[in-house]
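All chains are identified by letter, namely A, B, C and D, in their written order; residue positions are counted from 1 within each chain.
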């Protein structure tokens, strides 16, 4: 059950609802939106009396596996990261290197990414690597370089956090916390980023169903953080010609099921440089709220993922086409 | 090996090449393009003498699993169906009912589809049905209704052919032969439509790799029919929320590997009406040369596949958006 | 609805049931078992009067997508191919080369296969090949070699039939008709082998669900042929380390859902010689009624599929272990 | 490169090798086996001088993505958990409830599992749950109940650990640490269990390739823990009739590639009670070193996963059949 509370709800109502939830063996998970409205998720149905308390605005007793992520709560939410708003109006382009290499190159790439249309900077300081012998990233030094690049350019930074104990540290430097595909069902990590107020970019696990993905988002929301952006990044399919199969069907599907913004990562999602530009445009045409792109001045010499990294020229073209495409599509509406 | 012959190649050269192929235990598969140029595929390398014969324009000795379908032959091919050209310029929209119900409704839908942007008519006369108890289509009567609708509207007709013995009959009525996903590796059927000169719409099997799909196209080309259009229609993946997973990555990928035009079927590819419009736009943004759409005046009363069939209003909106999107994207080019 | 008729049912009852089916817009699909009992499948429910006619033994009004293949009809069916009975008692081992090469080698392999435990001979005369340039098999000459090998050894022959027009020819030479994985949803072919009385080996399509597979079997049964054996041969999954993923879960699953015997093809199902022996044993332990194995005196020089073909020594070991394993498991029963 | 060191290797050799590794920009990952032999993995090739130092027994310069897990190191390893040895001789049966419910029932199930053939106790104290509203397990209290059951029965306990910070606590109570499928690529967790000396049960991620799985094992080995047992538990495939698809092909495949023992979880791997017994036998026939089974006196009232949980009667039958099957198979050997 979902209960909506007014910004000026009395504390007595909040504690009565918590008591009523406890009575049915559940707990009341409260989420506060930016506008002060609170939504409480309870796994079960409260006694009707609780719903008549002062400050209760509405309630839905339709159960879903995800409540706070569902359209029952709101039609669309937007997530603000620094000055950037994700989920309203123009698609947001995040770009940067796969892995942070050093301060100088990070600042340089950030400047060039910005000049070519990016409004956020991405880059890995902690890297989940399939091999224990591969470089695991620069760690805190990498975070410092990203922060330096943000300070130089104003671009908010998104970077991956891999374990609960890293959340505070990463949140200290970064503007948005990325939960990677391999960690989509790392529940201790989801709980911990849910307790943070930093916006979270939640990548879809590469064999996660849409429902599992939304339930992972629900973990973050149910622990108090309303600032969740979903990111489709390719699923596992059967053709060895593709490293991953970018699943754009997920974009309109999650827009039907949830109010959360969704962006697309065609770099990891295809694993192939020549597919990044066409699939970027396709993602926006499918309704995505933005893109996250691996970019490097010289992709073939990038320290990781070179085969899926685009040049700054390609970034500029994509940015221009995304703008054009978004404008033209917003002049004509689709009726299903 | 691929050998290109001039339109005025002497017959003696053609028979010498056939002999040289036989000498290496192979056969010479000759394909004649509309411009009179012939391309010969030989599974092996001919003696150098054969390549110096009069009328031999060029040769490539790089082997691939598909030769005639590859970019070694040409950069782009176009396929003409009646007055419609697929693969050049504007995206082509084919629309119509899942299954032909009767003459009157078929003509009516054709008229409305045309009024709302379709330039070709689709519809099933022979239906591959998972259940032996489901209606298998009207057969020849259905072909007659489609031909009647073409005569009324001028829209060329594409319809499915399910077995080798049906090819002549279907080719008598239809302008384009569809090979369905379940028959993508029905080699006797591929051979038979290869011997026809009717254009062929070759749907991708729902668990076919890109390479298997192009090799299926190669069967048709190697039997003499250059008029092949590929159609992506969704693959099998793991999420039960989707009937199929439309794989738009296939669009830019086959454009890298082959000269053949490629269109997309978002109706079967998603199995869900609300996803058809956004995935149609995404397909065009990814570079598809057209769409094939299931449309019905009243989808919920359609005799089959209602859940994935769109209304004529949606068709009109998609047509308008596809036009707008294609125009704007063709003003700005993408560099990989 | 399924209606069971006694062996001595009056013709008047049969025609009344056909009429009653026509009245509800359906047709009566009649299947005669070896014991003379007839089962009629009707897609809908007959009027109660029809069920009181003389000779009607029983009826079930529970609808399924597959009726004649379901447990509603019988608990277990067996299929006799020559002297071999599939589905009762001992597991049946079919073995032979991927493709028939010539008469002499075919007879020789048949003798050696028999000496090493095989009770049926497999071998391809018509081969579905992914490439149009690959050898498509010897055709009728291959069938003759197989028949010669049967005449020498007494081993019944199973071989693939690829199109409706080939059914009579293949049935003339072979004892069992194989419908290959790529043709599992080739409905004209299924209808045609259903009209034959030759036993049919129906391979599972490599991305077919269990339900689609049973509905393909239903096509054969509904056209009058009760002699269907299912064959699991590997599905498409995501790991490029495996050519296919043998899905043994299918074995106990289809045994729950259908009365039809099921065998397993670990050669195609794994694509890897070293996995054939352990997966053969696993198949029998999972409850399979037999195995179909690619065997060759010298696998590395086999004309096709050498990498998944076992030696005759391995065949002997598998045969011995299968016997031992079957005996020991039949001493102890499993309760779910 | 892998370097093998004698038990009495001088410390000077160990530090010289570490220095030589540093020289080529790598680190020396040392693993000590129970017999005192040390194996050092270096991502690169040491100078030949280093390989002539006293105490160096052997070296392999063949690189693989997994070195310590590969057959280059040894043919077979065994892992001892309490008195139980996994990987040698008789298959090991681990059984217990999905989730620990209370002390009394845990002790009771342990006793009954033991009486019916189990030699280890499984049970969840920390549960990874798809929904944030589902019970997340009893936590430390659950660990205490498991330890109590071990004290009563002598059965060593295996239970899941979900985050790095939990490793010490879980290792305090449990005999074996389970890394769940969703955490197979949780690298901070793998590192941490690698620093522990407790045996680790590493479940395969449900869309992990064999290579990714072995590289996850390599993380644990490279951090110093040689006691790794692999566990196949089902992959994601396309048929909605199956919750997961148990991939028994993985069993002989990993036995070719690694020395590590491998067991199978047919409860999660199928998600369906009636498939657990046949797939248990199939797993052993395929060569698995053991099984892990969810068992409950009354599966339909179990607090979680009831639909895949077997009764104690079924456990007894499986145990008996596994014993019989293992004996008979070990009398006859398979040659590939």
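Keep this in mind: a contact is a pair of C-beta atoms (placed from the backbone, for glycine too) under 8 Å apart; a residue touches a chain by one contact, two chains touch by 3 or more.
Computed from a prediction, not measured in an experiment: that's the story for all the values here.
Student: Compute the centre of every chain as the mean of its C-alpha atoms, then state which one is farthest from the centre of chain D.
Tutor: It is B.
Student: Counting C-beta pairs in contact, does B-C beat A-C or the other way around?
Tutor: Result: the pair with more contacts is B-C.
Student: Centre to centre, by mean C-alpha position, how many angstrom separate chain A and chain C?
Tutor: So the centroids are 49 Å from each other.
Student: In whole angstrom, what separates the CA-based centres of chain A and chain B?
Tutor: The separation of the two C-alpha centroids amounts to 38 Å.
Student: Can you compute the centre-to-centre distance for chain B and chain C, using the mean CA position of each chain? Integer Å is fine.
Tutor: Chain centres of chain B and chain C, defined by C-alpha means, are spaced 33 Å apart.
Student: Two or more other chains in contact with one residue: find those residues in chain C.
Tutor: 207, 236-238, 240
Student: If we count contacts the way the header does, which residues on chain D are in touch with chain C in the complex?
Tutor: Going by the criterion above, the answer is residues 207, 209-211, 235-242, 245-249, 251-253, 256, 270, 272-279, 281-287, 310-311, 313-314, 317-318, 320-321, 324-325, 327-329, 331-336.
Student: Give every residue of chain B touching chain C within the complex, in rising order.
Tutor: Those in contact with chain C are residues 26, 29, 41, 43, 65, 128-133, 136, 162-165, 182-183, 185-191, 206-207, 212, 215, 218-219, 222-223, 236.
Student: Taking the touch rule as given, give the residues of chain A at its contact with chain C in the complex, in rising order.
Tutor: 207, 236-238, 240
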